[in-house]
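Provided herewith is a single structure, encoded as structure tokens, for subsequent inquiry.
Which chain is which? They are A, B, C and D, in the order written, and residues in each are numbered from 1.
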Amino acid sequence: MIQVKHLSHSFGRYWALKNISFSLDKGDFLFLTGPSGAGKTTLMRVLHGSLAVQRGVASIAGFDLKNLPEKRLYLLRREVAIVFQDFKILPDQSVWDNVALPLQVRGMVSSQVHKRVRAVLRSLRLDSKSRYLCREISGGEQQRVAVARAVVINPKVLLADEPTGNLDRKLSLQLMEVFRQFHVHGTTVVLATHNEELIRSLPGAKILCLKDGSAVECSWGPEGEGA
Amino acid sequence: MRILARLLYLGVINLGRNRWAQFFTLSTVAFTAFMAGIFLLLLYNVQQAARSTQEDIQFQVYWDPAYPMEEIREQWKEISSWDIGSMETFTPEEALEDLAGSIAGDLDADSLAGDNPLPATALIEFSLQGQDTQDRALLMRSRLMELPGVQRVSYNPLQVDLARTWVRVSSGIFWPLIGLMLVITGLVVANTLKLNQMQRREEVEILALVGASSSYIQFPLLVSGALQGLVGGVLSLGLLRLLHLALEDVLYFPPLWLKIEFLPLSYILAIPGVLTLVGLLSSFLAVNNRLR
Amino acid sequence: MRILARLLYLGVINLGRNRWAQFFTLSTVAFTAFMAGIFLLLLYNVQQAARSTQEDIQFQVYWDPAYPMEEIREQWKEISSWDIGSMETFTPEEALEDLAGSIAGDLDADSLAGDNPLPATALIEFSLQGQDTQDRALLMRSRLMELPGVQRVSYNPLQVDLARTWVRVSSGIFWPLIGLMLVITGLVVANTLKLNQMQRREEVEILALVGASSSYIQFPLLVSGALQGLVGGVLSLGLLRLLHLALEDVLYFPPLWLKIEFLPLSYILAIPGVLTLVGLLSSFLAVNNRLR
Amino acid sequence: MIQVKHLSHSFGRYWALKNISFSLDKGDFLFLTGPSGAGKTTLMRVLHGSLAVQRGVASIAGFDLKNLPEKRLYLLRREVAIVFQDFKILPDQSVWDNVALPLQVRGMVSSQVHKRVRAVLRSLRLDSKSRYLCREISGGEQQRVAVARAVVINPKVLLADEPTGNLDRKLSLQLMEVFRQFHVHGTTVVLATHNEELIRSLPGAKILCLKDGSAVECSWGPEGEGA
């Protein structure tokens, strides 16, 4: 589902990713971890097609990222959903509208949209906030809106960049359970996090540790590395 | 089809978002178009006036000062029954008063009255429209000359020249100026719309991130751009009409009798039409830049 | 003092941020001002032309067709040495040609030439400026009448009337239209600047959050608003001057000899001045709204 | 330094804060915790003067928040610094410019500004990024810029809303050490967090637990509550 080989990425002279390789099958779960500035977000953005592949090879959900024309990028994004570290939700639209957006963009009929959005909002404990504008809700609520918008499309691949940074322990574990459900039902999940407890909560997952852009041994981890 | 309807709908409700920016944009568009409209109205009326002058010729008729005034008045009555455009008459006293008035307001006309050197005159306007204009002009001239007591019949070379000049010049000024107006209005409107759409950068970016195709993103923006152009254009026409109503009669008194005409239908339709196109185009450019 | 310098500096470098928005804003301001400038130029020149017409009086002199042409030419030479504005002369042949041309281009003037009914004429313009205008006008008239062979001296009641009419009307149109232009330009410029500053909302908000006083926030915005108005005004003057250079001579040929004049210094200074004020004011309003 | 009595705050019909009371002296350290949507951010915003006091009484650093005219709000903000949950840094300006902003706003001479900013950036491991634009740096780096901008003015009161959400464990503890230093040197600190490890790392601190806008017993906490 995801193949990355010898991937490197630089911003100007600064190399944010250096020679990263790994591969994931359908339904795999990968934790991406490492200190601040290690390159986790950069890797996510490459996988989502927001940053071009500069060196090496990467493919996701059957799309070759190196040779994907801009015009067809939206097809990739209908299969690969992402939770941004900075949410990237529309502050002046309601929670409901934000979550419904990816479905409407696909031309789904509104009764279907209704059903899906409702289910997702409930699973993330956002039902009571669905009419609020996104700038009116708390940081943790916004973060869950970002997650809801990603999972509502039932993606083949789910990329989640630090999705629990603003959540308390209980909500984090609930959210983890949501991701686990997708994983169990065949979605490939890549989750970038600093939260070691989260990583430990899913012993079967692969782990990729980054440091200064390179893949490294995970210093603390009891589990094995991603290959 | 459902998607198309939805995109149209999005284009319309987009206008309801960020109301202030929308308001400022719309009023800028409307006022700029209004300004261009005033210009158009002005040029159009000058053009009209020149054209009608060009089609008229004026004969100035001078009677012998010694010829009895009663007879002259009889002749005036007769002339006015001829096939002429209009006639303005001056008795020697009226002419003197006019002269005195034109030189200085407080000239003592009475001191000259006894020995008035001015003749009776008439200013006859004669339309040159139709087929046999040349013959009719010459005929008119000789008929006037043959009236007893008429000393001279002069015509208006300078005025006719002016009109001809205007026509010559107007093709060199009228259309270029209108073109310039159009370009400026287009630039201003396009700029304003772009400034407005810059505020939607975030939205456009997020739409692309959640998998919207570029046509899904562009279409509503095009619709709102076009709508803004259209509404701005219609508003500007409304303003222009108000101005016209206020000014219509401002030149309608002797000796001008000039009614300011409103723009003809083709212009009226062109204003919102052009603005709609400009709106479409500028949205298109703005969005296209954004996506890259 | 150091703060003041820093605030001025911030106002200037603000213009360098978000270059595209700045560019669109500036060109909108400049073009709108340009359009208003064209308008002003037009009205100003019409006003000038009307004023000069009002101050001139034209005498049309008619010679006896039987009087020898050589003598008339002598008189023409003499008259042109008098204290008059200008003189235009027509021999009977020229007058006929002119008439033929004005009626239709292809009238056979030759067929009339043998029996030309037209007299020799001269159009004399005479300035009415200065103190003793009335006496001079009357004197001129009698001097012309006394020339041997002169049959009639007519004057231009209609034209004088037109000029007087224009002056009467222009106070009702000229200044109101200029006022309207000013208001529209102000609104457009203010709107555009506001649209531009909306993009800085975030920055303003953050400045307030880190403890900037309202004057610290407002001053640079005022400075950039004023600068935008000023630069836009100067740019529009440049455009206007280019247009003027292109059009200056377009009416400068017989019989008009009308040079389009550029705006006088006071107008030239007023355009960027007013725009600067508008920029200041609209920034002030925009910022004041924001802070609440 | 901070007095809050019977403070309530509503957004429309929704009461985000209900009858909160506590008081802090100079140099006190308060942890604010509670589930997502409990009202932590709302309380912070009231203390920073961004939200008006609707019911009850609140004062901070000698300013009576109820009767503070808008014109004098900036004086409060020169004493009370805040780290926003969503950072609120200027994305199109450099790290350096963002951190220097509060000092420039006060009219400090640039040599002084230089010295202070440099010291703060170094203490937060941001020295290598000082010339980067804020939208070019990673989430954790942005969060540290927000912290740096708050502490650079040496505030009397430091409000920090979830300042470690995007940081790894090591950086979180380092940051906690920075806050502890300020606390030791007499700054009153209010820190909203979901991170229990952080709270345990400073046993002497007061704790205020919120839930649905009310102060509640801390369900897990070994320490006492703030009064």
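Everything below uses one rule, namely that contacts are C-beta pairs under 8 Å (C-beta built on N, C-alpha and C of every residue); 3 or more make two chains touch, one makes a residue touch a chain.
These numbers were taken from a predicted model, which means no experiment stands behind them.
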Please report how many Å separate the Cα centroid of chain C from that of chain D, as a whole number.
63
List the centre-to-centre spacing of chain A and chain D in whole Å, with centres computed as mean CA coordinates.
29
If you connect every pair of chains that touch, what shape comes out? Choose line, ring, star, complete or other.
ring
Please give all chain pairs that are in touch with each other.
A-B, A-D, B-C, C-D
Chain C contacts chain B in the complex at 20-21, 24-25, 27-28, 31-32, 34-36, 38-39, 42, 57, 60, 62, 90, 95, 98-99, 102-104, 107, 117, 119, 121, 123, 128, 133-134, 137, 141, 145, 151-152, 154-155, 157-158, 160-162, 164-165, 169, 172-173, 177, 180-181, 184-185, 187-188, 191-192, 194-196, 198-199, 243, 247, 250-251, 253, 255-256
Of chain C, residues touching chain D in the complex
2-3, 6, 17-18, 202-203, 205-214, 216, 291-292
Under the definition above, what is the set of chain D residues touching chain A in their complex?
11, 33-37, 40-41, 85-86, 136-141, 144, 161-162, 165-171, 194, 196
Looking at the complex, which residues from chain A come into contact with chain B?
48, 50, 70-71, 73-75, 77-78, 82, 84, 88-90, 92, 101-102, 104-107, 109, 149, 153
